[in-house]
Structure formats: structure tokens, C-alpha cells
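Input: a single structure, listed below in C-alpha cells.
Letters A, B, C and D mark the chains in the order given here, with residues in each chain numbered from 1 onward.
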Amino acid sequence: MLRVGLLGAGRIGQVHAVNIAGHDRSALVAVADVNTEASGKLAAQFGAEVRTSEEILADSGIDAVLVATSTDTHSDLIEAATAAGKAVLCEKPVDLSLARAKACKVKADASSVPVMIGFNRRFDPNFATLRAALAAGEIGRAELLSVTSFDPSPPPLSYIRVSGGLFRDMMIHDFDMAGFIMGDAPVRVHAAGSSIVDPAIGAAGDVDTAVVTLTYGDGRLAVIRNSRRAVYGYDQRLELLGSGGLLSAANMLENTVSKATAQGVVSAKPLFFFLERYMPAYAAEWSAFVAAVLDGGEVPVTLDDGIRALALAEAATQSARTGRPVVPEI
Amino acid sequence: MLRVGLLGAGRIGQVHAVNIAGHDRSALVAVADVNTEASGKLAAQFGAEVRTSEEILADSGIDAVLVATSTDTHSDLIEAATAAGKAVLCEKPVDLSLARAKACKVKADASSVPVMIGFNRRFDPNFATLRAALAAGEIGRAELLSVTSFDPSPPPLSYIRVSGGLFRDMMIHDFDMAGFIMGDAPVRVHAAGSSIVDPAIGAAGDVDTAVVTLTYGDGRLAVIRNSRRAVYGYDQRLELLGSGGLLSAANMLENTVSKATAQGVVSAKPLFFFLERYMPAYAAEWSAFVAAVLDGGEVPVTLDDGIRALALAEAATQSARTGRPVVPEI
Amino acid sequence: MLRVGLLGAGRIGQVHAVNIAGHDRSALVAVADVNTEASGKLAAQFGAEVRTSEEILADSGIDAVLVATSTDTHSDLIEAATAAGKAVLCEKPVDLSLARAKACKVKADASSVPVMIGFNRRFDPNFATLRAALAAGEIGRAELLSVTSFDPSPPPLSYIRVSGGLFRDMMIHDFDMAGFIMGDAPVRVHAAGSSIVDPAIGAAGDVDTAVVTLTYGDGRLAVIRNSRRAVYGYDQRLELLGSGGLLSAANMLENTVSKATAQGVVSAKPLFFFLERYMPAYAAEWSAFVAAVLDGGEVPVTLDDGIRALALAEAATQSARTGRPVVPEI
Amino acid sequence: MLRVGLLGAGRIGQVHAVNIAGHDRSALVAVADVNTEASGKLAAQFGAEVRTSEEILADSGIDAVLVATSTDTHSDLIEAATAAGKAVLCEKPVDLSLARAKACKVKADASSVPVMIGFNRRFDPNFATLRAALAAGEIGRAELLSVTSFDPSPPPLSYIRVSGGLFRDMMIHDFDMAGFIMGDAPVRVHAAGSSIVDPAIGAAGDVDTAVVTLTYGDGRLAVIRNSRRAVYGYDQRLELLGSGGLLSAANMLENTVSKATAQGVVSAKPLFFFLERYMPAYAAEWSAFVAAVLDGGEVPVTLDDGIRALALAEAATQSARTGRPVVPEI
């Protein structure tokens, strides 16, 4: 049984709490949040205690922490937790600064505890099935990957300003997905971005629509499309062209009902946003972490994965500014 | 080269004219219609002559006739044409009277010329593919067939009154389709019908919505659903459950465009009606007839097929009236 | 908070236990099963007590029972539980005997406690969405309903023999679904059945493939297709043709991945069986029961609904034997 | 009635011959080809005469020519035909050289006859429907266009060597499609290419897989994906994300049959190649040309369109070589 402290009781912390408490090999022992009302409510619901992060890290009865706090605290908490000998599952990204993330890894490596980064989409049953089909040789060799990732609507400008920008905040998931599928890092990154959804996002120094092309050393290509606004919902798809065929992972829809009338045939929209779409992925992610920690295997998403995705995000940010392809620092 | 006289220059005659003239092994020589304006126009378009039916049947230079006249003339024209030694492709049905159709077959059999009945749906590429997959053993043994056949809107009451009723006029296609797929005739027919679309159709002694169940001697089942009104277009589908799987033939759509908005995802309707949906089937039907006549093979749809479908239509008509299953006269 | 005793710790009891314990307005207090190993394990998992049914019914601290025992005990337990003042959610069917089910209702009505029958499919999000669209007038008036319900494989013959037959055991769900959608009982039932999947099922006096036609007093029609074997999985679909269009609820698939190769395009199968397909439905069913009991509304599926479905099953059983339509006793 | 001379009796010339002869407002008068066996056969089939190009251009009884000869003759024939006062429908591309194409336009403009370039995909019913939906405001303002265009298999190396390269030979269709949908030319072109399908294509100085990003002056983006090999068939799709939704045009499939077995659900592949997929588009293209010439309207695809697509192809060719974005010469 893995005894777990949850750091962060916000929206995503609540999702993790359900999975921690509901898993038959883990127990939610304590919850910490600067917002004590949030931590109190969540702790009560699952019979856990309210504590501070420091108290959780100091408790020798706690085996692991789940870091679901704000991004700017991730590196510090990973360092503190590994120093305290706790296994860590930390929400993405490791940090908005590539240098800071690399420094964090140096410190974390000094301990022998597992650190996993929460790129939840790897655990989506559809994407995982696609990757398994590739691994099984079902379409031969990969040649051209396409990742589509559109949010239903942009976050507030206040969030945009501290987000690190679309490439570090949103597309970082897709950079990790590219690594997950292609099993390698690209040698060149080209980004084209625009603030066509909302000029205010451009005025804040960010883009809201972007196309990134990744070129791999062996000639494979990948293209990532991001938009902050798809009014029909959360559009999350993969396509992988290989020497022997094409694998596609389509959206999950709200339901399977269609209505045919004189005006056409209407069917359901994609599941609205990440909490709806990736609920099964979060549960599978937690299971994978528990299994890795308790059974001694390697965690399926490492700090290096987090750093690689961040390096691509930095390269894309730079490319979008200069208009020139960038060789990522990996 | 097959030299062809077309009897009937109405809507369906025009479709056949294109196929006759466009086929590289057949030539449209003459067109007959009591409406001489219609026959004149059609003949001019394809460089054919306007003649009477009698003239066409008497012309030793004509090898075959396509009968696309009104239903009440079919039996007489089949008899006259076969007596004159012309190969015949006759639109369905052979006749509205089963007895008359059987008598027609006796006379036609006295000649040695091929007679084919125009059950065009057998030549639809989708249905033909489904049947070929069954024949290839792809789903094992057939167990339960479902035929869906909905028209976009009811014909005028004036037509309903002389149509012979839904079972003889509309479902006769589906009875033939059942025979085409199942390769056998059922031993029992049960029909439930209703005039829920338009009570005036009921007042005219007909139904507009019907479910017919066919039971085969070896335990296989088939169900046919008909409606005179599907406001979204012509709904023409097959489903065949077998011991090893399910084969489905879906509708053909107006286009492949879909539109996702906040209101849902809208895609195209089925092709509107039989002229849109079955255009490729009519061309394939004509090719099959030409090949059978010129190359000496058997026609793929025989007078017996036409009689069998009519016998099922009669049984269904009777069953819908009495509420009891009927053993068809086959 | 609803304090609940669970009667029956088998496969379906385990599903209910998760929902009872996981709901924020209900608590799993006790579990009873003649198999005490099963009840012990389930009780331990959720911190409940192991008791006998009698002890549970005698405990004034328990508000409601969920009856998930074998079918032959349902009526007795409904009577005992209502006599003890416990609200009841009982798995379908009420009983295999229509007379017994009616007698049960008389006794249950003598108490004032809510009794709900577990027709879980009403709570499937797809079917519920279809019904809501009909209720909202989106396709005008209903005319022709089609219910498809195929199991992945037949149960053992030992089960078939005590099941009450396909119509009472399997199609009873579809009879209830027809009532759920059409909001009325049919005036005539015609069934055609066959044991084409496995002759041994026929030898045991049952059918494994069936088509049932329901005729409603106002001319609406419904057709239900059942097969005990669809090798590709659990096939659960609805189609409703109305005066203004067609509503369809398609299967839920294992995933959204497709693979296009030179051999065709392969996509995922339907979710395997009821535990996979209807998991969300069971949770929604429990929520509806909790809300009805705690908030005082009417339960959404009544004993009368259970009796009506059983009456249709009896009529269909008789029709399949005699070949003649039957007027159901409702 | 438009009297037409066909220049070129190869594969695509044969497609045009059917449409010219089958159109009720045009007649195929003469066919020219250096391969006189090919022109002879085609002329015989449609009752036309065999002539040389020179004879056709000199015949005052001929109103229009369709240029379906090899690419290197296009510019010369456009110039000669317009000088002779013949309306021209010329297959794409105008020329492999941008400078030559521009010079051709100068000469052609000196006449007053219509010149249309055969970008057949604009007339595909699916793509035309998508564009009409955008024009009707159904998804608000366009933001991000994605064009997918994969061939089933690479052409022979001998063809690759004289083709002008993937961007001028294959992607030129997609550059025109981008212009058709976006109604404007981009200000920047970035191309990433690879010869991952066949290194011999790379050795011949070309790529076989490419991703091109187009940036428009107002912030809109487009991405084009090309591959010379999709083993499942001709993959031709569009996706357009707009402020109010997403329009998608999917592939047309060989048939609508699907087969569900224990191994999954198999459906049909896309129509194999351009002759299968774009047959309706060629007919619609011809109709549009005939209408423009006879009724005096503007041709829907101009020489300028051909030049713009070629300019983008040149920019992409250069970008793929240097790795840097290129400002196209438009």
C-alpha cells in the first residue's frame, strides 16, 4: 500500500485525490494547500488529514507525494520531496525555465527515488492503443506524425501572461506526445504562430494559433497544430502515416446519438475539455505510478521526458519569434 | 454490338437511354412512347429513331428491348417481345397479379430468348459487395438479415391507388433483395403495417409504414422495414448477422463534409432518392444484361426472381390484412 | 445520507457496491450473500458489515436495500423489504412468472416505500439522450422504433434451462426499452424465433435468435432484434424513425483508433458486454434511485414497468410457439 | 454548342473526351496526339476526327481546345491557341518554370479569349461544399487550414526526375487549393521535406514526404501534408478551423460496407487514385468551362491562379533546400 500526500487541492488535485483514494494499492493520507478551505474539504471527503507541505515531507509514514501545485513551485517541491525520500508524481511542466528544470534533475538524481512527470495524455486509451499498434509493427515504420490539439476556449489574459506562452503551457503536451510516439527527439523545430483568435493575446506577447514542424535525424517528420479556440470542444487527435498504413486516433464524443432531419445529420461534439476527455487517462497514469513505485520498475514518464518537452517548447518559442528553424538543446 | 429498342421514354427510360448509348457494346436504335414528345426528345439526344412498340418488335435489326413502360403493360410486352425473339430487360414488377406473372413466364419460356427483370438494387456496388463477402465466407453462415428501405416522401394518392400497395410497389425490391442475399425463399411471412404517415393512405386501403418478418426453412430470419417518408432522404441499408460477424451496407451520402460548431457536428444526408443513389446500379445492371445476352450466359435476375418477389408481396399484403403469418405460394 | 444494505455479492452486486459506496449521498452499511466468502470480500473492501438478508431487513438503521440476488428470490425479497419499510432497488426481472410479479406488486403497494426495478439501460447516456431528443420534439412524432440487442455469446445451457427463455431473460430489457421510448404498451406482439446459433438451445426449448414486432394502438410500430451471439461484441443500438427525422444511438467502441492499410480500414469493436457498456448507466441508475428516495420524487422505473415488460415477454414467448400474434395482458 | 479540339489522347485526355462528348453544350470535333494510335482510337469512339495540333488550331470551326499534352508543351500551346482565338482549358501546371509561365500569361492576355487552368480539385463536390460553407459564414472567419494529400504510391524515378519535384508536380494542387479556400496568397512559405519513403527519390534530388506551412498577412495559417505513398489509397482531405467551428472534407470510400468480426470492424479504403476520386470533379470542371465560354462569364480558374500556385511551389522548393522560410514572388 502506497501512502500518499497530495500537494495542491485545486481542480486537478481533486481529480488525483479520487484516483489515489480509489486505487486498491494506494491511500490518501494528507492534503496540503495554501487555500486551507480547499484542502480541508478534500481531506474530509476522503478521510485524509490537512497538513502543510513541510509536514507532509517530514512525515516518515508517507511514501509518495503528488505535486499538483502551481507551476512555479514544481522544481522546488521535486527537489524537496526527493531529498526527503518521497517518490514523486509531478504535474507537467517541470518548470517554465529549461535551465531550472535541468538543475532540478541534477538534484533529484542525487536521490534514488522515482520521479514521474504527469503527461497524462500518454495514458489516454486511444493514444496508448495507437502507440502499441505502431510498436507491434502494424503500419511498418513511422514517417509522418500529426498531432492536433485545440482547446475549447482561451484562458483569461491574466493566465496567458504568466503561462510561459502557448508553446510551454499548451503545446508542451504535444511535444511530449511526439516523443512518446516517435521515441526520439527532433533535430530541428520550426514554428509559425499567430494571435488571430484574440489580438489581445498577441499584445500580451503570446500566440493563440500555431503550427510546428519537427524534423527528425532519420528523415521522419511531425507536425503539431494548436489553437486556443475550437468552439465545438476539445479537439485531441493523432495521425501517424507509416510505410504500411495510417493510424488515427479520433476524438471521444459526448454520446453516440445522431439525428437525421431535412437539415442534415447531427451528431455529438467531442468531450468538452481535459477533465472530461482525460479522466480515464488520469486514473491509468496513477496506476502506472503506483505499480512503478511499489513493484520497483521504471516510471513511464521521466524528468528527462519533461526536460525534453520543455527544450522543444523553448525552441518553438524562439522559432515563432524569429521565423527561423531552431536546433533544440537536447 | 447489341441493337436496342427502348420502350418507354419517361424518367427511368431516360436513365436507361444514357446507359444503352454509353455502353461500348450496345447501341440505342429506337425509342417508343405513347407520349411522342418524350420519345422524340430522347431519340434526338442520342441519334435514335422514334417508332411505335409494334414497329420495334417487328424490326429484325433490333436484338433486344428495354421495357420501361407502365407496370400494367409489362407482361404483355414481355410476351410480345419474346415471341418476336428479342431479348428483354423489363423494369420491375413483372405484373401486379401473381397469376398473370406466372402466365407470362409460361409464354416467355416458350421462346429461348433471355428475359431479365430490373431489380436494380442487386447491382448497387455496396449491396453487391456485401453479398460477395457473404459468399466468400467472411462472416460464416447467415442468420439474421435486416433490410431498411425508406423513401423520402410518399407518392401522390393517385399513384398509391393504382400501385398495388406498398408491398407490391415498394417492398417488392426488398423481397428481391432478401432472395438475393439469402439465396432462398422463406416459408413464412408476417407483416405488420400502419398508415401513420398519412391517414389518407390508409383510407385508400394501403399502408405507409411496415415491418415484415421472413422465416426460412432452416431457421434463418429476415426483417424488412419500410416507410414512405424519411424526411432526411432515401434510406437504403442492409445488415446481415452471421455466425462469424456482421456485414453492414450504409447509405451513400451527398458529400463527405462535416461541420463542427457549438451546436454539434453536422454531416450530409443520404443521396436523395433512387435516381441519385442507384445511378451506378443502373449502369451495372445494363452491363450485366449486355454481357449475358452477347456472351450467352444466364441473366442474373430471372422471371422466376420476379415471380418470387411478387409472391412474397402478395403474402405480406394478406398478412398485413389478417394479422396472421402467411405461407407464400412459391 | 441513504444507508444501504446490499443483498447479493455476485458480479452485478459488486458493480452496485462501488456505486453505493462512491455516491456522496449513500453509504454501504452491510452486505448479504449465501456465499459468505463473496460477501466478506466485498464488505471488507468498502468497510461494510457482513450480515444475513434477515438481519439487514430487521435493522432499523438501514434505509434501503439493493436486491442483486438470483431471479427466483426477487419477488419474496421485494415483499419482505417493503413490509420492513425499506426502499428497494431490485434487479430485473421482478419474477419469471407474470402472476407472481403481479401478486408481488399488490403486497408492495400496501407499503408506502419506493420500489424501483433495475432496467439499467434507461440510464445509458446514449439511450437517455435519444429519448430526450424525442421528448423535445426534435423528430416530431415517433412512428417506427428499432431495438437491436445482440449478446457476444450464448450463456451455458444450464443457465438457458432456468432462464425463463430468451424473451423473459434477454429481450425483457428491450421490451422495457420500447416502453421507455414509446411511452405506451403495444396492443399486439408477434415473435419469430429460431435456434440457429445452437440447436442445443432449441432442444432445451428456447430460441437464440428472434425478431419481435410490436403494434401500438395508434399505428406506431416497433421491431426488436435479439441474438445470443454477435462475435464482434455487445451490439446495443436504437433507431427511431419519426415524422421529422431519424434518431440513432450507435454502439460505444473500445477506442477511437483506426488503422488504414492495403487491406482496408480497421476500427475498434463495440465494448464487450454489459459490464463494459453499461457501467455509466449503473452509476446513473443508482443516482436516480438515491435522489428519488431522499428527495421524495417518484422512482423512474416502477414495479408496473417491470410487470409490463414481463407481460410482453410472455406474449412473445407464446407467439414464437404458435406463430400467431398475441394480445399482451397489460 | 462549343466545338472542341482535344490536344492529347493519353489517360487524362480520355477522361476529358468523355466529358466533352457527353456534355449537351459541347461536341468533340477533333483529337490530336503524337501517338496516332491513341488519337485514332479515341476519335473513333466519339465520332471525332484525327488531326494534328496545328490543324486544330487553324480550323476556324473549332471554338476551344483542351490541352492535355505533356507539361513542357503547355505554355507554347496556350500561346498558340490564344493567338488563334481559341478558348483554352489547359491541364495544370502552366509550366515548370515560373518565368515561362509569366511570359505565357503576357502573351495570352494579348488575346481576349478565356484561358482556364485545370485545377480539377476545386470542382470536387466535397471541397466545393466546404468552400461554400465558409463563404456562407457557417464557421465564421477562417483561421487554420490543413490540406492532406497523399498518393497511393510513388511514380517511377524516371518520372520523378523530369517532374519538377514534389512541390511543383504534386503539391501544386494543394497550393491552388489553399488559394481557393483562403482567397489570398501567403506572405511566407516554410517547407520541411524528406525522402523517407524511398532514398532513391532523395538521390534524384527530390523529396517524397513534406510539410509546408503558409503564413498569411492577416495571421491566418495553413499547413499542407504530402506523401508519395499511402498504401491504403489516395488520401485527399481538408480541414478548416474557423472562429465559429471546424469544416472537414473526408475521403470518398470504395463502398459503404463494413464487416464486424472478432478481429475488429473493417471498412472500405479511400477511392484508389485521382481517376477514381476526381471523376465527378473533371465533369464539373468541364461544365464550368463550357458555361464560362458560352455564357461569357469569367473562367473560375485563371492563368494567374496557375502562376500563383507555381510561385508557391518554387518558394517551397527553395525553403526545403535551405531550411529557411521564403517570401514567395507573387
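Note that in this section a contact is a pair of C-beta atoms (placed from the backbone, for glycine too) under 8 Å apart; a residue touches a chain by one contact, two chains touch by 3 or more.
Computed from a predicted model, the values in this text were never measured in an experiment.
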Selected pair, greater C-beta contact count between B-D and A-B: B-D
Taking each chain's C-alpha mean as its centre, the one farthest from chain C: D
Chain centre separation in whole Å, for chain B relative to chain A (CA means): 57
Between chain B and chain D, centroid-to-centroid distance (C-alpha), Å: 39
Per-residue multi-chain contacts in chain B, two or more chains: 230-232, 244-246, 260-262, 268
Chain C to chain D touching residues, read off their complex: 230-233, 260-270
Footprint of chain D on chain B - complex, ascending: 22, 24, 45, 125-126, 129-130, 133, 138-139, 244-252, 255-262, 268
Footprint of chain A on chain D - complex, ascending: 143-144, 146, 150, 188, 190, 192, 194-197, 209-211, 213, 215, 218-221, 223, 225, 227, 229-232, 235, 241, 243-246, 323-325
